Amino acid sequence: MFLSKYISEVFGGVKSLLTGMRRTGYYFTHHKNIITQQYPNQKPVLAERFRGEVVMTHDENNEHACTGCTACELACPNGTIKIVTKFDITPEGKKKKAIDTFVYHLELCTMCNLCVDACPTGAITMSNSFEHSVFDRSELTKVLNKPGSKIREGVE
Amino acid sequence: MGPASLLVLIMAAVAFSTAGILLSKVVLKASKNPVKGEPYECGVPTIGQNWVQFNVGYYLFALIFLIFDVELIFLYPWAVSVQRLGMFAFTEAVIFLFILFMGFLYAHKKGALKWM
Amino acid sequence: MTREELQAAITNLEPQVTFEEAGEFLNAVVPSELCRDLMQALHNMPDLSMDYMFCLTCVDWKTHLTMVYHLESTAHGHQVVIKSQLNRENPEIETLSDIWRTAELLEREVFDLFGVRFIHHPDLRRLLLTDEWEGWPMRKDYEDPINMIKL
Amino acid sequence: MEFSLASIADSIDQWLNAHCASWLALTIEFVIVGVLCIGLFAVLGLVLIMMERKVSAYMQLRLGPNRVGPKGMFQTVADTLKLLVKEGLTPAGADKFLFNLAPFVVMIASMLVLAPIAFAKDFVIWDVNIGVLYVSAVSSIGVIGILMAGWASNNKYSLLGAMRSGAQIVSYELSAGLSILTIVIFSQDMSISSIINSQQDGWWIFKGHIPVIISFVIFIIAVTAETNRAPFDLAEAESELTAGFHTEYSGMKFALFFLAEYVNIFIVCAIGATLYLGGWMPLHIGNWEAFNHIMDYIPSSVWFLGKTFFLIFVIMWFRWTFPRLRIDQLLNLEWKYLLPISMFNLLLATLVAIQGWYF
Amino acid sequence: MLQEVAKTDTGDLVINVGPQHPSTHGVLHLVITLNGETIKKVEPHLGYIHRSIEKMCESLSYRQFIYSTSRMDYLSAHINNHGCALAVEKGLQIEVPQRAQVIRVLMDELTRLASHQLWWGALAMDVGAITPFFHAFRERELINDIMEETCGARLTMNYMVPGGVMFDLHPDFQKKVKDFLTLFKSKLPEYDELVTGNIIFQNRMKNVGYISKEDAISYGCSGPTARASGVSCDIRKKYPYDIYAQLQFSEAIETAGDCWGRYLVRMEEMRQSISIIEQLIDNIPEGDFVAKTKAVLKLPKGEFFTRVETARGELGIYIVSEGGLTPYRIKFRSPGFSNLSALDHMAKGQKIGDLVAIMGTLDLVIPDIDR
């Protein structure tokens, strides 16, 4: 009684170990299952929606759609965005608010997408770039509007 | 080669180890820092004594091992000549191993083989 | 047990309890010195058997602190919220860590962040912050010019 | 003349004796042996660590090292260089003498076991006539080094690791010894060369059938435990004791422990191959003359290394498949299962041997 | 006799396990008192990654604070966000569109699967088998890819917003999820072969870290930890939110109360999650993915308590609102915190090796505990 239990215990144990070894042995001999991606040589395929950093889209005329309404600045939970506005004089002689600089602190950003969601004109989007490492963190503070750019006609 | 080879092997081991350690001493420029001397304990200072009086349970294993290992040594000459001696040696071994096994069972019952 | 029955049962246990109408749970406010006795009864009464404390916290109301205990009975499925007001200068309340074991760490957390002293707590020390930390960070008037960044 | 290590050794010996005084020839031979052993150590370290990495990588759906050199072959060399330029720290409160002595003890222990191993036909450093007894005696010296290292480090993890490995190694010594005895019963001799010669017409694992297979399994389990390999790596269980007995070791001293571990694996697998798989003996099947003849053409050293590396692979396979045992389960396994079974198996083997029920 | 000698001779060893330790999965710091190898006391020292999320949330608006909860229990980020969104919706009485509810539940269950996969690999690694960790990640990466495609991030998605979800599902979502499920169902038997059936693993789990039903309740355990002791505490069943009430799934309950029980509960939960996803994946209703909400959310004065079932247990979100733009006080009742409080009780009298097994089966996520 005791002996048969003992023997079945030993055999059951050995069998369970062999099952595991068969599984690892299978992967040892089947190299096509290898999932390693060799990163710098093999760039990952990122999804279209992947949130890497906030960018402002500029068209070919170096125009963007940012009105400087600061909706994104208000929506941002971390104070990542700072908008400096100025007043442009329209041809009619009226003063019109516009952005001077759109400062974006990438080092504070958590890629939560709330600013993009809040933007009424679709001026900012999330880009796919994810390789953000730099040697000096001050390089992570970016100005998103390109020099000399101005607001696209008709965007209010 | 005779027993002298053991000396050669010991010397080779010592030479290899010393060479490695010395070489690293030569290559390396070490800086002095009291923090380097702290024992590693997951990054926080050690609490209490490191060298405590240890549970006696640990030493029981050494004792039991000693007993069994000496018995094992007795079996070696027996094993060499068992085929020549035939059934007599077998009966002898049965008795010997039976006594050994009894001792083993005794130790087991007394809980000497339980880890503390 | 329905809300009314619960209310009646609690009033029966402790007549000094007042009830707040709002909220999804039954909110009972009890004076802090009676809190422990009521809790003990809530835990031990077979038809109440509030054996599961799923939340213990504190709210700083600037004028006073309020301990908030969320209790539930795993057997009967009813929940109740017990509140107890403490003064801000010297907040003290009896510990519940021997009634609900989970309260031990939660009370340490509340002590750490609000400075509420739990009487007879077995090991009342800072939990999340370092031992030499000064002040009670979760209070509304807490100021830390170095670590708190105003956006 | 076909390739054979023994003939090379012989011709060197003859050439030296012809050209030098006999004492000088002997000294030179000693130096050559020493250098060869050191070389073997270094090469084994590099090869086995590389092998371990590749085996683990393939089992874990990874590629393993593949940047340094062709297919990452020089990764271990790079790591050795890294260890070389790392500082060997000694903790402030440590017992400095024992702390520095421990790696030497471990190295000497594993070096000494090389002596009776037959690497090829007639190619052995010292064919001592009590070979297997010598092996089991000397191989347990290593535990003293581990205990020393753990105790001297003045670190709690090290101490616990050392105590664990002490209990573990001495326990598994017993069943390893008993399984070696099984082969001694069959071959009626303790010297390694005569054990190999007794397997001329077939390896013991085939000739001795049931009792030898049981003892082979027990032997593999016991030596895995004795070399502190997973699933018995309790002395350095990294998820419990961070690094066990060598927590405080760094730089070259750590490298020596590391190297000794791998050399020990090689040694125990070499012993296993010698006892059960015929050492350098080629595979012969009954009277298939043609087949046996082809097998004879493969040099004996290749046979030996092939068998040894097969066993090493099996032990690595264990490591990358199984979870670690708990210390009390580990001792339970030894005292409740392996030891009684191997005692019983010894009697079975005796019976089989006396009655001549083996081939 | 020998044992008595062993017992009287005590040399207690106090060891720090963590904050830099391979098996604490982060920066948990435990001070354990040992006699030989037997644990006499485990004392957690917390706060190494305490960021005071509760205090931070007091200065964030109701739209903004949701993102920060992803950083608590990062392995069930979706479910945390879901709970917060539910709390805000409860306060504002927003009716969430059916489609959004289904998407949320799908995402929750995928998150649960991913979390349990990581747990499985990490547990196996804790008890010394390293290979399963990589096998678990093979499948987990596929879930992450699905998440990335729809939500735009792999770990801290911030996909839930008050009233629904941030984007609509990616067009490939259904196909990818189905492919994943087919694959995962073929890989689950491998998990069993490699770990569940393994005798060493079973011995490491069985009769280790026992906690009785009463103690589990008293210690406030929730999730798989409590369910392994026989406490029926699945919030998805008890207080169903979104469309859980309409779904067919069973609550995984074991009565063993030890590590093995917790292991089985989580394995069963994976199967249940698969079945939930299968029920929903072909029946995603058309419609809006987010309800129309005001640009600025203001919760009415009052207290709101929401409970959701994360991968680790019950997450409670207690919001006290004064009617302003930001919550007056937020308390997160995190499952890991309560589960951790039972660690000392479970580990007492066990070996060091058991401690890591217990921590593995509790599935502690340290940011969840420290917050």
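What to note about this one:
Residue numbering begins at 1 within each chain, and the chains themselves are lettered A, B, C, D and E in the order written.
Note that a residue touches a chain if its C-beta (ideal position, glycine included) is under 8 Å from a C-beta of that chain, and two chains touch if they have at least 3 such contacts.
Fair warning: this is a prediction, and the values are worked out from it, not measured in the lab.
Number of steps on the shortest path from chain D to chain E, with steps defined by chain touch: 1.
Farthest chain from chain C, judged by C-alpha centroids: D. When the C-beta pairs in contact are tallied for B-E and for A-D, the bigger tally goes to B-E. Chain A and chain D have centres, each the mean of its CA atoms, that are 51 Å apart. For the pair chain C and chain E, the distance between mean C-alpha positions equals 25 Å. Chain C and chain D have Cα centroids lying 63 Å from one another. Measuring from the averaged C-alpha position of chain B to that of chain D gives a distance of 15 Å. Touching two or more other chains at once are residues 59-62, 156-157, 159, 242, 320-322, 327-328 of chain D. Multi-chain contact residues of chain A (touching two or more other chains) are listed as 17, 20, 23-24, 35.
Contacts with at least two other chains are made by residues 13, 15, 21, 37, 131, 138, 194-195, 198, 200, 351 of chain E. The residues of chain D lying in touch with chain A in their complex are 55, 58-63, 66, 317-318, 320-322, 337, 341. Taken in their complex, chain A has these residues touching chain E: 12-13, 16-17, 19-20, 22-24, 35, 46-51, 75-77, 110-114, 117, 126.
Residue ranges of chain A in contact with chain D, taken from their complex: 10, 17, 20-21, 23-25, 27-28, 31, 33-36, 38. Across the interface of their complex, chain B is touched by residues 29-30, 33-35, 37-38, 41-42, 83-93, 103-104, 107-108, 110-112, 114-115, 125-126, 128, 130, 133, 151, 153-157, 159, 163, 166-167, 170-171, 173-174, 177-178, 181, 184-185, 188-190, 242, 247-248, 251-253, 255-256, 327-328, 331, 335-336, 339-340, 343, 346-347, 350-351, 353-354 of chain D. On the chain C side of its complex with chain E, the touching residues are 22-25, 27, 51-55, 57, 59-60, 68, 70, 74, 77, 100-102, 104-106, 109, 127-130, 137-138, 151.
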